[in-house]
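As written, the chains take the letters A, B, C and D, and residue 1 is the first residue of each chain.
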Amino acid sequence: MGEIVSLEELAAEVRPGCKLAVPADYCGVAMAATAAIIANRPDRLHVVCVPVTGMQGDMLIGEGLVGVLETSAVTLGEAGGAPRFQDAVKKGSFRLMDATCPAVHSGLIAAQKGVPFLPIRGIIGSDLLKTRADWKIIDNPFAKGDPIVVVPAIQPDVAIFHAPEADRLGNVRIGRRRELVTMAQAAKATIVTVERISETSLLATEDSAAGVLPALYVTKIAVAPRGAWPLGLWGEYAVDSAEIARYAAMAKTPEGFAAYMDGFARRQREAA
Amino acid sequence: MGEIVSLEELAAEVRPGCKLAVPADYCGVAMAATAAIIANRPDRLHVVCVPVTGMQGDMLIGEGLVGVLETSAVTLGEAGGAPRFQDAVKKGSFRLMDATCPAVHSGLIAAQKGVPFLPIRGIIGSDLLKTRADWKIIDNPFAKGDPIVVVPAIQPDVAIFHAPEADRLGNVRIGRRRELVTMAQAAKATIVTVERISETSLLATEDSAAGVLPALYVTKIAVAPRGAWPLGLWGEYAVDSAEIARYAAMAKTPEGFAAYMDGFARRQREAA
Amino acid sequence: MGDYTNRELLIACVADLLDGIRHVAVGASSPIPAAGAMLLRARNEQAGKPRVRISVLGSEEHNFFTNGGAELFDCTAQGRVDAFFLGGGQIDGEANINLVGTGDYPQSDVRWPGCFGSAFMYYLVPRVILFREEHSSRVFVPKVDYVSAPGTSEGIVRPGGPHALLTGMALFSFDKTRKRFALQSAHHGFTAADVKANTGFEYDAADIVPETKAPNAATLTLLRGRVTEELSESYPQFAELLRGERMAAA
Amino acid sequence: MGDYTNRELLIACVADLLDGIRHVAVGASSPIPAAGAMLLRARNEQAGKPRVRISVLGSEEHNFFTNGGAELFDCTAQGRVDAFFLGGGQIDGEANINLVGTGDYPQSDVRWPGCFGSAFMYYLVPRVILFREEHSSRVFVPKVDYVSAPGTSEGIVRPGGPHALLTGMALFSFDKTRKRFALQSAHHGFTAADVKANTGFEYDAADIVPETKAPNAATLTLLRGRVTEELSESYPQFAELLRGERMAAA
């Protein structure tokens, strides 16, 4: 558990057809690992966005590796819509499971708690319910005439994110991004890239322990300095807006996207 | 929100008949506040133990202030059984809602998430279900022939605990005791005693923010140095085992209990 | 335009719409709602009224949540979020909103990002303000192509819903029982006829539609002083935009 | 007693019962289970076998959970806890356990603390070891007065349950299908007749009941060296007790 390996060995955990959970842009996105995953070309991925995605999801879609996309939104933020996503939606290139943020969280919490479902308010009367055949309405067993939605547990095969640091024992700093804890506990395997390895235990003090994902839930760790670039990493570095804008412009066409991706892994490493 | 008041003003939030949530001994028990609450004699309390209690619960029972006790256990730990609890159970002095730890957590999480119930594994076939008419079995809506227990949301009127510090904005350090976050979010009001007030914001750094209950969920705060005594406080001081043993011995009879309680508030203050 | 810019008017409108709330959540990329919330907070402070708490979502500095991405939704379900803003690629006359796309789902002709938290927040926040600067019949349609979240519901627990619709051109109220908007006022520079011509759905309107109340001097002083300074921290580009428009208008 | 004390035997038995697991959770006030887990960890390390992870619940120093009191239960439900220990004021022949009290519920004659997490853990931990040092017909009864958690279940999801019953006198296995314990061995100093006389429920037993396997020299060396040192950190009083008993027996 929490073994420190190369980026390539870490990326190899993402196998064709697996259910892969990825975090939102503000939570630490493993972009260096994404480049390494793309190199392996694992196709038919079922990508679960926790609860939304941006450039990472758009790239995996653009590379043709996504079979199912379960997400509450895909956007490049200030740089606008996600072009490969929009194009693939129009073409029907993958199965789309539109969601709403708290339902994704609840599905993961259900898996975290080992229960088959969680109830959630709202949703009834939206078109989401029409297309999410896996969501049901039941009667609240504690009150008459109170229909409520239940969403099934979401158990990813692999969860992946990028964090500031891990220690030699495999503990990972996640700060107040507690959806990463839920995601990791819900998943069968969790792989994490980090900026650096801490030589002292992250559990050494009560203060640092409060923001730690314990090694028990961490399968593999790889060091990837500036591993979230061009996205930012909380407490470490800001998003490279110019680079995201460059991607947004180029990815408008399949050719432009291919041109952008050519050498992306190298540019990612060089950004460190 | 997060107003800093006197111990007396804080204790006044616990009114007769209210549903009061209290933490386990390892989480920071507000014993100084308990003495102040007892002075007000709010009776018919519905005490929800998160998920168990010790001396605090035993004292409230001994004082005749408990109308309903919802708990997974009552024990003085190494000092043995809780004498006032055992005596009151035999006499049927209050309504007993025996629980099991994860069901208490799930009930509070349901309230935290604003849902009427949460499903939970286990429990079926135990005698708990026979006496907890508020717990039900439903069919898992996602699988045939899979009965599962659902427990209703637990929404305390007041949650109370003791913590190392709060800042001037009303944020409270809870470290990795995250059940305190759940308890506070589930409750209508949360009152907290602390060892000291920090003059810098606990949200100032990512590291400290990770272990903080934000002021948004905190109603009132009072300073009570050594406010958990004779119990311990994580990261601060150990339990006073000799004092707990003294209590355990004296509280075996109503008279001994009364003798112990006589001057307890004063001794609690002097322990600071 | 004279004394104030259109954006200043919108900010003042937002502050008025939020009056009385204790806690509002705003998106990190929603500067006008954030500015309105900050204006209310400043005004309340001056008047000695209860403090307004603002949670800026996605911001590292001004986000006071510590329990991860689920906290906004938990906090909302606990009844601790009084107001929230929602927009939509399409909004119809029954206040249904569409954040997904146009045409047949799932292969939308134009695809927007997705529902985000709308299918939850719209149901649970007591005072949802629909805000969309663009006022056109492309946005305000008779019937949305996809219901990300409906304007009204029957037979379910729904403590929240639409309180008002604010656009760059006008302010509408919403009647949940009748499932219908009513035009309250047109902003300075626009007429009731402008609104009619650019709205694709039916709504109620009085024979004479008043102009949206102009922000008073005290409000403009606060907005141009303290609030613009506060905005500079989280929304530096937007604060610059406000300053620039003001100078151009002066 | 000779070469080893009764407690040393119990610790060695626990280590054997845990063989093959990756993660075991033990209570802060359960020194024998903890010592057994530490013994297995040390043994595996020596043999180059997979690492054994021990979570000491309630301990500030040796508790590696960071997600509050619910984490043990979540972790268990995720299938990440392989073994756990449960006791009981009463245990019956169908492995039902009673942690609540004797007599009519709720006004119990003798009231124990309560169920704790047993009504969950017993169902979900694959290898639950029932451990109770006191071996008497007061504890081992034909039928418990209150079922905190049943030994077996039908028609529900239940990946976990009783794996063995270890007492100060003997070791039993449990057959879930037949809902019945079988006496595996009696500890040094006790006979099958002693066990029979002190057990209130029926169980299977061979005609000749073997003595519980004595811990070998390597095990005793580890236990008296490294494991006792490790115990000194979390369970100092218990480590002293072990040392004292050993000297008395020597």
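Observations, loosely collected:
One rule holds for everything that comes next: contacts are C-beta pairs under 8 Å (C-beta built on N, C-alpha and C of every residue); 3 or more make two chains touch, one makes a residue touch a chain.
Small disclaimer: the values here were computed from a predicted structure and weren't measured.
Both chain C and chain D are touched by A, B.
Interface comparison, B-D against A-D: more C-beta pairs in contact at B-D. Farthest chain from chain B (centres taken as the mean of C-alpha atoms): C. Averaged C-alpha coordinates give centres for chain B and chain D that are 29 Å from one another. Between the Cα centres of chain A and chain B there is a gap of 36 Å.
Each chain gets a centre from the mean of its Cα atoms; for chain B and chain C, those two points are 41 Å apart.
Within chain D, contacts with two or more other chains are made by residues 65-67, 73, 77, 124. The set of chain B residues that touch two or more partner chains comprises 113-115, 120-121, 146, 148, 176, 181, 209-210, 234-235.
Taken as a contact graph, the chains fit none of the simple arrangements: neither line, ring, star nor complete graph. By the definition given earlier, chain contacts exist for A-B, A-C, A-D, B-C, B-D.
Those residues of chain C that touch chain B in the shared complex are 23, 53, 64-67, 73-80, 124.
Note for the complex: chain B touches chain C at residues 1, 111-115, 181, 185-186, 203, 209-210, 212-217.
Taken in their complex, chain B has these residues touching chain D: 24, 26-27, 50-52, 71-75, 77-78, 81-82, 85-86, 89-92, 96, 98-103, 105, 109, 120-128, 131, 145-148, 176-182, 234-235.
Contact residues of chain B toward chain A in the complex are 106, 113-121, 136, 138, 140-143, 146, 148, 150, 152, 174-176, 206-211, 234-235.
For chain C in complex with chain A, the touching residues are 29, 58, 60, 65-71, 73, 77, 99-101, 105-124, 146-150, 153, 155-158.
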